[in-house]
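Next up, some structures in structure tokens.
Note that chain A is present in both complexes that follow, paired respectively with chain B and with chain C.
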Partner chain A sequence: MKYLQKEKSIEVKNLVKQFDRKVVLNGISFEVNKGEIYGFLGPNGAGKTTLVKILNGLIKPDEGYVEVFGISPVKYPDKVHAKIGTLTETANMYKYLTGLENLMFFSKIFGMNDMQAKERSLEVLKMVDMYDEKDKKIEFYSTGMEKRLSLARTFLHSPKIVILDEPTTGLDPESAKNINVAIKRYAEENEATVFLCTHQLRYAQDICTKYAFINNGNIICIGELGDIIKKYKFDKFIYIEAEINHNLEEFNLTKLNGNEYRVIMKDKEQVSKIVERIVLSGGKVYSVRILEPSLEDVYFKLIKRGGAYEQFS
Partner chain B sequence: MSNLANEIVKKDIFSVLGNKRLICLISLVPVILTLVMPSILIIYVAKSNIELDRFYSVLKQPIIDSMENFTKYEQKELIIAFFIDNILPIFFLLIPTMSSSIISANSFVGEKEKGTLETLYLSPIKVQDIFIAKVKVSIIFSMALNIIVFFVMCIELNILLSVLGFQYFVPGVRWGILLLITSLAITILSTTFVIKSSKKSETAEEAQQSAVFIILPIMALVVGQFAGLIFISDLLVIVVSLVLLIFSLAMLIRASSKVDYNC
Partner chain C sequence: MNELCVLLKKEVKEYIRKHKILIILSVFILIGIISPLGTKYLGAILQQLLPSGYEIKFRSPSEIEAYFQFFKNISQLGLIIFIFATVGIMSDEFEKKTIINILSKGINRGTVILSKFVVTSVIFLLSYTVSIMVFRYYTGIFWGNNIRIGVVIYSSILIYFYGVLNISVNIFFGTIFENKILTLVVCFAFNIIQMFLGIFPQIARYLPVSSLSQCVYIVEGKIDIYETIPALLSTLFFTALLLIISIYLFNRKEIDQ
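Right, the complex of A and B next:
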């Protein structure tokens, strides 16, 4: 059997960073493999932005080891920047220039000539659905438009790794969804790795393939959502929409809205027993769903628990 | 400096040229110092009954001794010549100090305030090259402003002197040294101070204050000239200018080697 070693895009080992006396990153370690859309999730102040800056070489770690595509961002930040695209909350574009002018400037910074810069700028504007706003100055853009333009800037030089720090924060649901769609499409079309830092879990769940949870500078757990749920034995739920005529205390059903009920699932047999009991007691069953815990459920339970880190590969 | 960083130079030049407020700010003082003030002084001297003995304490001894041999016209010419040869040149040290501190504060700390410096940091350009690109913009603008203002001043003064019947002003070697070497050295020093202080500065205005270390000795020179305390020969101007230029370049190289992403 041929063993294929996954190609690493990002490798972090025992990373420590302290500001004054506060430990922001407490010896964290993880790897991001090529092609993953990796969700690095944690509340505000968990250390996500500090990590993004270290990956970009803007901050030096106090201890530990970090490589992006096999290059140290501490020693060669400019070489790393040539290979990755980064979007942060605080990296803005020039308000007095139009969307197109901004992208053309940054294209030239990445080594494109005038013609290539214009061509590529128009291409990425279409990717993020900002083509119609290209001739407007940034000062007249909404927050959502600015974020989409920043995303376009991130894609300009077709990087194989895209690092995104809170790309959907402050956006309305529609704008956030558009950003997510653009990220996913870029990752698929370019076989790119995405490293997504966010505390907005519902958007992360839409696109991420693997997760790491961080809180107070410590990684709580790493893995794919299904593996985390299995390992930590998170409950599945049975949702039943039914008219129930008799008391079904033995099943511990919790009434939700209207005719909806919920119960923790023990096994598959339980589903047929509940349905049978409702029907035989004269009730009506309209729908039955089995739902796994969402990313939010898992995240909040683990962050609260602050349990020991385990990795699932 | 990498070729990619030249895009930053071009962008910043267009940014300054397109910023009317900034252009007004950096042009106002030079216009007042080199066009308005000299014109007022020349017209005043021409139209008033001023005599050399009122400048007694300001002038060199040989002139004072033979003062009574000058006609009123010659006395007025001497007063005007003193101002043009000894006071005006110092203004051409103030102008690049002021303009370079404004431009470099705007282009470095101003970008830091607006969050665009971080975006530049995420590009494949070394932070040292970004720093040098910003210094280049400051030097280009300050030197260009100084030289343009000088030529405008020469034309304006000579028209005025001609109309009032005085001798033309022909700039000597000292002016060339001042405009090309001394002001370049001052510009580099002022820019380096401002950008170095950008680490601690929260705003562009705060960063500009660090150029005060260069303005103070220049102001002392102005006061010294008026008080007759300082007499600077051409040889001294050349030597001091070259030493200052070497010193400023050394400061710039040292500053650029220490620059990091925390600036």
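Right, the complex of A and C next:
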């Protein structure tokens, strides 16, 4: 039997990092395979940004090891930097330079000559829909425009891994959606791996294929959303809007408000049985929907042990 | 080398776009103009300000007095403005959070510091050179430039390297404090403390700040060049030392942003 191993983009094992006496990363371990859009989710102060800095070789871990494409960012940061592009939450561009000048500056740092730098800068500006703003100084950009330009900078050298730390923080929904579209498009066109750190779950769910939840420096769970839901036995619900004339105790329906009822879904057969029973007893069914737990529901349940989702179950 | 060139260009653009070059050049050119003019016409100006019936008798000011005024203005007003204008060369990168973007690209940290040092030193050289050329133009008109050019150049070297020392102090404390205000305070403290220490003659000859007075004495012919060597060597030594330590500290710094 052939055993196929997925190529690892990022490998982290027993990583520990402490600042003064505070343990920020408490022996975390995970792997990101090539081509995944990996959501590293946690609240503020969970350790996400510290991990990003370690992946970039900006700070050293106290224990454990980390490899990016098999290379240690601690020992060989310059080799790692050639393969990764990073968008940090707080880092800013030079306000006195235009968007194009900023990108050309960073392009030349990557070793491009003037012509290559200009070509590539214009290309990535188009990728993030910032071409028309290229000659404006950054000081005149909105927050959304700055974020898109930062994303463009991340794509400059066509990295195979893109590390994004809170790319949609502070953005309106439309700008955040645009950022997500640009990230997804880049990942698809370049077969790149994306490592996304965020606490904005709605946007993470739009693009991520796999997740790890972190809180207080500890990994809470890892996996695809469907697997996490199965593993932790999260319930699906059936919501029915109906006029019910008879008592349907056997189905354990919970009345919500007006004509809306809810029941935990055991299997698909249950839906047709409930509808049939209501209709045969003289009632009317207006709508039926199945509500699967969202990333937010799963996240709050696991991270905070008692969020909105848990109240339903 | 490529990284250094890219960073140098960026630094120059910053000085131009933020109008720092304009401010520094303007102040230094002004010093070049007002030093000889002020010396030459001070008596006449004061006479104008007196109420009628009063008279002040001034002896004719000399070219050496003009040099005294010039070096005083450069080392006080000029240096103060220069420190103010350049105080953020390192600390701004931390305060404005632009440093992460550079470092996460894998750029050599020593190159970052070198680029700032080189560009700021060149701008100081340029500004000072323009200032002294303007000054020499007027001293030529008023006094005929009787002071030998070699003496002027050597005195200028003393002033220039003291300015360069202040640049390395700026970079050093900017790297440590990551804060413009603190860096500014310490830069001034560095100069003031030396002036107090200058009270002690045994220490004074080795203090870099002594260069600021020695440059005048050289022009006056009161001291020989060899008497300026301890202060000059001390200036060069501390400049190099502070730069090396800055690069060392910056390399070890964990960027907490």
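FYI, the second predicted complex is superposed on the first by the 282 of 313 C-alpha atoms of A that agree within 3 Å, B and C clash if a C-alpha of one lies under 4 Å from a C-alpha of the other, contacts with A are read in each partner's own complex, and residues count from 1 in each chain.
By our rule, a residue touches a chain if its C-beta (ideal position, glycine included) is under 8 Å from a C-beta of that chain, and two chains touch if they have at least 3 such contacts.
Keep in mind that what you see is a predicted model, and the values were worked out from it rather than measured.
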| item | value |
| --- | --- |
| When chain B and chain C are modelled together on chain A, clash or fit | clash |
| Which superposed partner A:M93 touches (first chain B, second chain C, both, neither) | both |
| Partner chain(s) touched by A:I264 [first = chain B, second = chain C, both, neither] | neither |
| First (chain B), second (chain C), both or neither touched by A:D78 | both |
| Which of chain B and chain C A:L291 touches, first, second, both or neither | neither |
| First, second, both or neither for A:L256, with chain B first and chain C second | neither |
| Chain B versus chain C as contact partner of A:I109, first or second or both or neither | both |
| Shared contact residues on chain A - chain B and chain C | 56-59, 77-78, 81-82, 86, 88, 90-96, 105-106, 108-111, 153 |
| Contacting residues of chain C [partner chain A, same complex] | 2-3, 6, 10, 13-14, 17-18, 96-98, 100-107, 254-255, 257 |
| Complex contacts: residues of chain B adjacent to chain A | 4, 7-8, 11, 15, 18, 114-116, 118-127, 261 |
| Interface residues, chain A side, partner chain C - complex | 53, 56-60, 77-78, 80-82, 86, 88, 90-97, 101, 105-106, 108-111, 153 |
| Of chain A, residues touching chain B in the complex | 56-59, 77-79, 81-82, 86, 88, 90-96, 105-106, 108-111, 153 |
